[in-house]
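Here it is: the structure, laid out below.
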Amino acid sequence: TTEDGKKVITVAISDEVNPPFLYADDNNEPIGYDMDYLKEVEKKLEDYHFEYVWGEEEANLVGVDTGKYDFAINWFFKNPEREEKFLYPEQEFGYSLTSLVTQPNRDDIKTLEDMVGKKLAPMSPSGGLRTILNSYNKNNPDEQIDIESIEFPSNADNLERVNDGKDDAMFINVTTFNAVQKELDLNLKVAGIVSKEPVYTVFNKEHTELAKEFDDVTKELIEDGTLPDLAEKWFEVNFFENLDYINEENYKFNP
Amino acid sequence: MPIINFEFAIEQIPEVLKGVPITLAIAVVAMVFGLIFGLLIALCRIYRVPILNRLFIIYISFIRGTPLLVQLYVFFYGVPVLLEKMNQSFGTAYNADHISPLLYAFIAFTINVSAYQAEIMRASLNAVQIGQMEAAHSVGMTTFQALKRIVLPQAFLVALPNLGNTFIGLIKATSLAFAVKVVEVMALAKIIANDGYHFLEMYLVAALIYWLICWLLEVLFTYIEAKMRNKEIKQKKMNTTISKDVPLRV
Amino acid sequence: MILLKHIHKKFKNNHVLKGIDLEVSKGDVVTIIGPSGSGKTTLLRCVNYLEKPDEGTISIHDLTIQTKKPVKKDILQLRRRTAMVFQHYNLFENKTVLENVTEGLIVAQKKSKKMAREIGIDILTKVGLADKINAYPQQLSGGQKQRVGIARALALNPDVILFDEPTSALDPEMVGEVLEIIREIASGGVTMMIVTHEIDFAREVSNRVVFMDDGQIIEQGPPDDILIHPKQERTRKFLKRIMKEPDFTI
Amino acid sequence: MILLKHIHKKFKNNHVLKGIDLEVSKGDVVTIIGPSGSGKTTLLRCVNYLEKPDEGTISIHDLTIQTKKPVKKDILQLRRRTAMVFQHYNLFENKTVLENVTEGLIVAQKKSKKMAREIGIDILTKVGLADKINAYPQQLSGGQKQRVGIARALALNPDVILFDEPTSALDPEMVGEVLEIIREIASGGVTMMIVTHEIDFAREVSNRVVFMDDGQIIEQGPPDDILIHPKQERTRKFLKRIMKEPDFTI
Amino acid sequence: MSVVNDWFSLFIQVLDKLPITLFMLLISLVCSLVLGVAIAIIRIKRFKVIYQIATFYLSFCRSTPLLVQLFLVYFGLPQLLLAFQIDINSMDRMIFVLISLSLHNAAYLSEVVRSAYLAVGEDQFEAAYSVGMTYTQALWRVVLPQAFVLSLPNLGNNIIELLKDTSLAFTIGIIDIMGQVRIILGNNHGIGMFEIYVVISLIYWGTCILIEMVISTLEKVLKKGKVSLSKS
């Protein structure tokens, strides 16, 4: 797999797009924070040439698993079970800020604990948000949060359900909420940021070396300010800072 | 490091099996009612019942033409809106949230399948010689009696393999019901897979379970078909001369 | 008993029946002879409305059908008063020999199963098929099928029986027996219309012979008149082969 | 030419052919008569191996088939040397009358389309179907179908033609014409086996008559011997109806 | 990001991918027809050994999700072949999709074909044999044409299902009409779902109407004098 000397690395990118991390422009070319990040990495790793392949998230993971793809990028969260199966770099390349969104007048919901016995909008069976909830439930066997599963949940629809009082809260990525809110302008607020989840690329188990190189490069990119700049560009906030800072620095979720 | 973690897969089988009753429920309900509606539609089309014929041509086209997912959504999102409107205009207090998603699935799947069944039945009714209907008329049967006693039993034999196709397709299509919160085999597999990204394992488990169900169906269908074919056409040489005796190929 | 007035039938451009008028009294046995393609089968099928005539009226007894605006209930009545033996037998493929015979009795005439069975076995024995009652049509020889067809019609014991070449597949022995049976039921007052090619049979069985050609009735009368001293040139030509060889039996 | 040795055929428990030995020389026209269900059709179908005999050998010319271990290529050869007129016509439903006749010429005999067409039209004209060449079988009357069947077999111009009741649906006029045609091709050296119920026809067309009953050949010989002075009691009984009424034509 | 509110541009965006969808439909239809007929005949004639294989294949491809088959072909097959030193990983993804679709659909089609084949009377074979045709000739010239007409409504069902199945190509990144829809939906966080599903439904429906028109024309043209039950 060479082409003018470079090693071709096949990157699976998730076609369940998720702006501004990763989405498609009008020509269906991938753009977003993830892509800018990968471009920077590619610049630094001169021996490699990245080739991108769209694919469904599950399929991408299977592809990485079987070695068809070298690594996959989306906003993959890390947990011990996944680390058994895939190779994660040590250094995250960004964060997902997860939050609970409620009606503005609710002040009984701030953290996940508050959701016990309340109604959460239905969630996708896969994806990072789901994983956070699952691990919460695993760690709190006596205080389970009820999770309803649905395939292809619609964020807009779910937020409307909360808006109409059908559900108590929705567990959602802050960036996503902001984007939807811009369009719908619902009577909702971010009740609390639940976590700042590091996100990773996911490698095939064999690629220890590549993952190592990625770690080094990513660290460099954070230190020299490239990634924080990109974060500002796409998310309007440098999420490499800590949560308190983010909250203070008027990260623009609803007042 | 094996790609597939079999141990994990086997451990999860009982969990996924819990989805089987839902899968079967949707498939069987849709199959049975779909067949009844489908048959009625096919008859209306064959006999060119005025208005109904045209109507059903459009119905079949529309139902087959639009994605099942969309049909599910229409009920899932449409019914609550409708109920709300009704509540407003009539002062009633129906709560759409109390309607089980399973009910939406039953309705949407039945409607969807009926369109396909209609075509299956039309094809098989056409395969019956017209002489059979004439003979039934000549002994004084009404068209309904003739259909029931003479024509349909023969048509059914022709339809069987296609009905088998539909049933098996339906078993797998039930996974779409997940889009309206109905959790069946595939959905369970996906939910379990997510924590450790065990998609490969869980898909295989789901595939095996589907296969098992479908295999049982195949056995059943083959049995019915063999039985009917034997009864009707005991010596029909389709099974003897043509198939076994002299496969003449030069 | 049977009164056909001005029956016309076209298949596309093919004008097959060109205004047939025919009267048959109760208990009469009328044979219809004529060249192949002259419309004999079509005429017979028009009588019980298996073929919808384009014009004309059909009356049986007090029941009259205007073919231009037929009443559904009347058609059923018409068919219940008539029975038909088809040129191609048209046996019910999915029923045994006995069931073929009893089906009409049970379904249309609402006879009890036991009684239907008795009638069936009786009549099947008469046509020499007592040992085949549990066979399916596909397992029968041509002549056996034809006899089942005859038995099926006779069992109904209708006012009118329409025979379309009922002896075409029968050997001389069998023809003799069928002749006996027909005579027997004719003496019971059943009216019959028989299309046949066997001139001898026509002569022996009927009290009137109708000669058709090209969709029209050319002449009719008592068998001896028509078959031995035909008036029309066309009839004479048709019968020539038989007439010119007076020595051909023994 | 044709040599059948010790042909046995059972359908389940029904022993239909009980050891048939028959020899037919080139150019011979043999008719087979016998009561319904005696195995005539089955015998004919065994000759070209549409029915697989359980025992015995079939030879045509130098080609011999051991029915216990048939060679596929030989069966094809056998079928290419023979042609058959079926009791139930068996026309190709999806082909026009002309195509029914030309199909074998083009596909099996590799004749050019143009030539096949000429032969087809010629032969169809002979049987009086020139105006029906573009009709489909379902649009034909019984006699017309039968004539297409005859034309299809004749067009192949094979060594042997097997006729299964070729005149059952034909009127006396047509029977005469078919008789002419058969005589004509017989004089060309074609061997024929004809199953028929029409004793007169048998007498006129054949130079040997075989009488079968219950799966066995009871007697055989020149037509006048068998049909007028049968030796066996069974044969006499079979022919009784015809013999006892010497006066029945003119 | 795409403008969701503009129906016209939505339509254009999705329609743009219709050729890809149709391409997949046509190619896999032709392949699966050929394979389906073969399977049907093998099963009807019960050829030794391959009968078992065909039945197994039928059962597997019919009974497991198309997604799983696609995974097997796309991820599994290259690995398997790699063991034999054959590298097909670089092959166009489209080929894997076409293979999976064909294999999957052939299983269903084989049953469609089988039922129609059996519905054509045995007498048609006998007639063909009697004029000296071989089995293959009888099959192609006499039996299959009649079976084809009988199976047309079922074939319509099948083609339409196949049309919908092509959307699975998006799983491995081929953007067909459904894929385009999913991308637009994702780009907009699921806003405008209603409009988008209306658009995709209309496009699918339009394609179906085309398919149905072809099928019903064929039914009329190929009827060849056959009288159906309803003539009265």
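As written, the chain order gives the labels A, B, C, D and E, with residue 1 at the start of each chain.
Here is the rule we go by: a contact is a pair of C-beta atoms (placed from the backbone, for glycine too) under 8 Å apart; a residue touches a chain by one contact, two chains touch by 3 or more.
Bear in mind that the values here come from a model prediction, so they are computed numbers and not experimental data.
Student: Just to be sure I understand the contacts, which chains border both subunit C and subunit A?
Tutor: Chains in contact with subunit A as well as subunit C: B.
Student: If you walk from chain to touching chain, how few steps can bring you from subunit D to subunit E?
Tutor: The fewest steps needed to get from subunit D to subunit E is 1.
Student: Work out which chains are contact partners of both subunit A and subunit E.
Tutor: Chains touching both subunit A and subunit E: B.
Student: Measuring between Cα centroids, what's the chain most distant from subunit D?
Tutor: The chain farthest from subunit D, judged by C-alpha centres, is A.
Student: Which pair, B-C or B-E, has more C-beta contacts?
Tutor: Pair with the higher count of C-beta contacts: B-E.
Student: Among the chains here, which has the CA centroid at the largest distance from subunit E's centroid?
Tutor: With centres defined by C-alpha atoms, farthest from subunit E sits C.
Student: Rounded to the nearest whole Å, what is the centre-to-centre distance of subunit B and subunit E, using the mean of the C-alpha atoms as each centre?
Tutor: From the centre of subunit B to the centre of subunit E is 18 Å.
Student: Please compute the C-alpha centroid of subunit B, do the same for subunit D, then give the distance between them in whole Å.
Tutor: A distance of 49 Å separates the two centres.
Student: State, to the nearest whole Å, the distance from the C-alpha centre of subunit A to the C-alpha centre of subunit B.
Tutor: 39
Student: Compute the distance, rounded to whole Å, between the mean C-alpha positions of subunit C and subunit E.
Tutor: 50
Student: Among the residues of subunit C, which are close enough to touch at least two other chains?
Tutor: 50, 88, 139
Student: Send over the residues of subunit E in touch with two or more other chains.
Tutor: Touching at least two other chains: 71, 129, 134, 227.
Student: Could you list the positions in subunit B whose residues touch two or more of the other chains?
Tutor: 200, 203, 235-236, 241, 247-250
Student: Hey, which residues of subunit D end up touching subunit E in the complex?
Tutor: Contact set of subunit D toward subunit E: 48, 50, 76, 79-80, 82-84, 86, 88, 90-95, 103-104, 107-109, 135-139, 152-153, 156, 158.
Student: Which bits of subunit A are touching subunit B when the two form their complex?
Tutor: Subunit A reaches subunit B through residues 58-59, 61-62, 65-67, 79, 81-82, 84-86, 122, 125-127, 130-131, 134-135, 148-152, 157, 166, 202, 205.
Student: Could you please specify the touching residues of subunit E with respect to subunit D in the complex?
Tutor: That would be residues 123-124, 126-134, 137, 141-142, 145-146, 149, 222, 224-227 of subunit E.
Student: Using the touch rule from the top, collect the residues of subunit C that touch subunit D in their complex.
Tutor: Of all residues in subunit C, those touching subunit D are 11, 33-37, 41-42, 87-88, 128, 139-144, 147, 164-165, 168-176, 197, 199-200, 203-204, 228, 237-243, 245-246, 248-250.
Student: In their shared complex, at which residues does subunit A touch subunit E?
Tutor: Contact set of subunit A toward subunit E: 15-19, 23-24, 26, 28, 53-56, 58-59, 62-63, 65-68, 153-157, 176, 179-180, 183-184.
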